[in-house]
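See below for the structure under consideration.
Chain nomenclature is as follows: A, B, C, D, E, F, G, H, I and J, assigned in order of appearance, with residue numbering initiated at 1 for each chain independently.
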Amino acid sequence: MLYCVHMTVNVPQGMDPERFERLKAEEKAVAQDLQRSGKWRHLWRVAGQYANISVFDVDNHDELHGLLSSLPLFPFMDVTVTPLARHPSAID
Amino acid sequence: MLYCVHMTVNVPQGMDPERFERLKAEEKAVAQDLQRSGKWRHLWRVAGQYANISVFDVDNHDELHGLLSSLPLFPFMDVTVTPLARHPSAID
Amino acid sequence: MLYCVHMTVNVPQGMDPERFERLKAEEKAVAQDLQRSGKWRHLWRVAGQYANISVFDVDNHDELHGLLSSLPLFPFMDVTVTPLARHPSAID
Amino acid sequence: MLYCVHMTVNVPQGMDPERFERLKAEEKAVAQDLQRSGKWRHLWRVAGQYANISVFDVDNHDELHGLLSSLPLFPFMDVTVTPLARHPSAID
Amino acid sequence: MLYCVHMTVNVPQGMDPERFERLKAEEKAVAQDLQRSGKWRHLWRVAGQYANISVFDVDNHDELHGLLSSLPLFPFMDVTVTPLARHPSAID
Amino acid sequence: MLYCVHMTVNVPQGMDPERFERLKAEEKAVAQDLQRSGKWRHLWRVAGQYANISVFDVDNHDELHGLLSSLPLFPFMDVTVTPLARHPSAID
Amino acid sequence: MLYCVHMTVNVPQGMDPERFERLKAEEKAVAQDLQRSGKWRHLWRVAGQYANISVFDVDNHDELHGLLSSLPLFPFMDVTVTPLARHPSAID
Amino acid sequence: MLYCVHMTVNVPQGMDPERFERLKAEEKAVAQDLQRSGKWRHLWRVAGQYANISVFDVDNHDELHGLLSSLPLFPFMDVTVTPLARHPSAID
Amino acid sequence: MLYCVHMTVNVPQGMDPERFERLKAEEKAVAQDLQRSGKWRHLWRVAGQYANISVFDVDNHDELHGLLSSLPLFPFMDVTVTPLARHPSAID
Amino acid sequence: MLYCVHMTVNVPQGMDPERFERLKAEEKAVAQDLQRSGKWRHLWRVAGQYANISVFDVDNHDELHGLLSSLPLFPFMDVTVTPLARHPSAID
């Protein structure tokens, strides 16, 4: 099932830069694993913002929540989730 | 270039149902042509709303505006456009 | 899977009262069938508003959208959908 | 009487992790007691967010406020409360 | 139990003035009966707007919804309801 | 003259608990004096939030501002003020 | 006492132009009388909008509401009222 | 002086198409005259919306309001105006 | 030219009280000088908030920005600026 | 291609003034280079705010994001991006 997920990262002021770099590296690794697994189907950068629009393909809400809430940057994110149904005009 | 486009259709009250069905059929035909051409890359229904989240792949803003503003249902739509850049963690 | 759905009904001005009563009766019948089937698990009235907060239990987004968009009053509704995951402190 | 309560937890930056873990454990214990007592009737996780949608069944506003304001995580929460009346189409 | 209720009346354009005057007269009669019964404890006009801030004293959400939804002007109202608990500093 | 005042208290993170308890005690004393004087006519707790809805009865805006801005918790408050006129349907 | 009043006029679609011109002429006459009386102390046009920012000097909320609600264009207005107290740095 | 003006056109439902085409043609003529005069310095289409972002160069607010409020489509517009000062990093 | 300026002061938590008192004193001095010069034409306190509604009379946007951005409390302010044109019904 | 970019700078409380002055100087240098290159086509100050409205002329979203996200003050900015298409009434 598909979910459109909009994530905005709010880097806390005074955050230890090195720690944040480590978190970002971990985030990248997790994101790439999930993309290779097909779970994280699309990952785009919102131009001009520290945010992304993604599409996840997972079995259910619990799995989605598990993936998102375990992202290293989750504690610094504002997240909105939009369930995507099949559009009657979609050809794929 | 990719654009995330969120379209919400507001069916005007008192609209002639037959005319609206014709418009919807035209909209579907246009949408399917654009998908086949690769311009309208993704088209998903927002579950529970007469709205969609789409991703367009076009050359520039003018082309995007031309496509969107000529959609049969455009006069009844609220549209937001988000330019999508390449995400540093994206694997594709 | 559970979805929290908030529906607000906007009765169009100048709507034929008899037609709207018929629609409401149809809506009630559909809602009660869906509750009996277990799909529409909870249906509560927001006190003071022509709105409800409901919980649906369906297999996926497509099924949810199918049910909601076929409700007789759907054309007059503002709808928000929130996917509900299992809470780690929930005992049921 | 039923109340729909939407709680979003904002974990303060620089919060002592151990203290927060203790608070979370206390919160879980309180939440589970209240569920066993029937006061906290439903507790669902908003997929993708550190938030929940709950339904409380208590005698009056004072009791609701007493329960919510004594939750260990209350100081870190944004809370909205919606009183739920009986829906004319509800079958239970 | 006390509820703070904020009602804004949106007079539909093209409404038959005489019909609306009748509705307003009925609304006034109902409001004054409810005040005399103690249910509608406070009724204040928001200065500069066709809106009021009221406090209702009723037994439960169902009674509140029954009263509000049967007001003659209810179909033309935006209503927000805030449950009021006892304040620890209140002297009455 | 009557003013409806909605006060939300935002307890700053890292605030010295003892200092805040003192401030709260001072706030309570001031609030109770003002209630006894008739200036602070109504004080209700918004169920589920560290907020109150109050009605003040003072001579003018300056007096209102003087009272509110000298409340011990004022620096931690979001405040909205709504001037209340006499409602044509009010019986008192 | 001073009130800052922001009025936005929403001209209903399909309004009889002549009727609206009459209303506007009446509005102008009332506004100019009130200015001459000192009640309507300032009247400025919000550049680019059919709206104004005004300052009224009246004795109390009831008088303000009476003046505003009897303006010929009141039924077509969105109005916000902000009570103005004396500023400690004001020299007049 | 420069003003950034964001104009969104809301085509009223049921508007006579021919009348609206005439208005649009008049609007275009006015807009092009003003551009040639240097008053309307920039005019860009917001991609995906019946809206534009413009920059006007006029002597004062009155002149701006005069120009905007006399645009043929002004009655159908939502307009926001942002005064633009010289940026300390601007090189022109 | 006239500008309506709404300034809300957000006192940062943990701010050195003495430093803030000095800033406030400097702000008052600047404000009073500007009022005596006629630039800061009106200065009113929003009743109940640490905010003011002011009217500035300056030659252009640059001068306005220069004055506002050099206010001692500017770094702690949320500011909105509304250009005021002459109202056709204004008598002064 | 043109993008309208609205940037609001939020200076974090407790920021080392000297470091922020360095960042601002770097920002100015980068901004002036980009203006000279034609990429940053317009840069205006929003009067009364620590914000700017700019127009960028770059080849695609990736280039825009690259430029914006590498601005020294980017971490302290709220940014909105609006793609600008050619307006049918534009004469240039």
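The rule is short, and it goes like this: contacts are C-beta pairs under 8 Å (C-beta built on N, C-alpha and C of every residue); 3 or more make two chains touch, one makes a residue touch a chain.
Not measured: the values here are computed from a predicted model.
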item	value
Chain pair with more C-beta contacts, A-D versus G-I	G-I
Whole-Å gap separating subunit F and subunit G, where each centre is the average of the chain's CA atoms	29
Distance between the centres, which are taken as Cα means, of subunit F and subunit A, whole angstrom	42
Residues of subunit D whose C-beta touches two or more other chains	2-3, 13-14, 45, 47-48, 61-62, 64-65, 81-86
Every chain pair in contact, whichever chains are involved	A-B, A-C, A-D, A-J, B-C, B-H, B-J, C-D, C-E, D-E, D-F, E-F, E-G, F-G, F-I, G-H, G-I, H-I, H-J, I-J
Residues of subunit A that touch subunit D when the two form their complex	3, 5, 12-15, 61-62, 64-65, 68-69, 75, 79-81
Complex contacts: residues of subunit E adjacent to subunit D	1-3, 60-62, 64-66, 81-86
Sites on subunit E touched by subunit G in the complex	11, 13-14, 45, 47-50
Sites on subunit F touched by subunit E in the complex	2, 4, 27-28, 31-32, 35-36, 42-48, 52-53, 55, 82-92
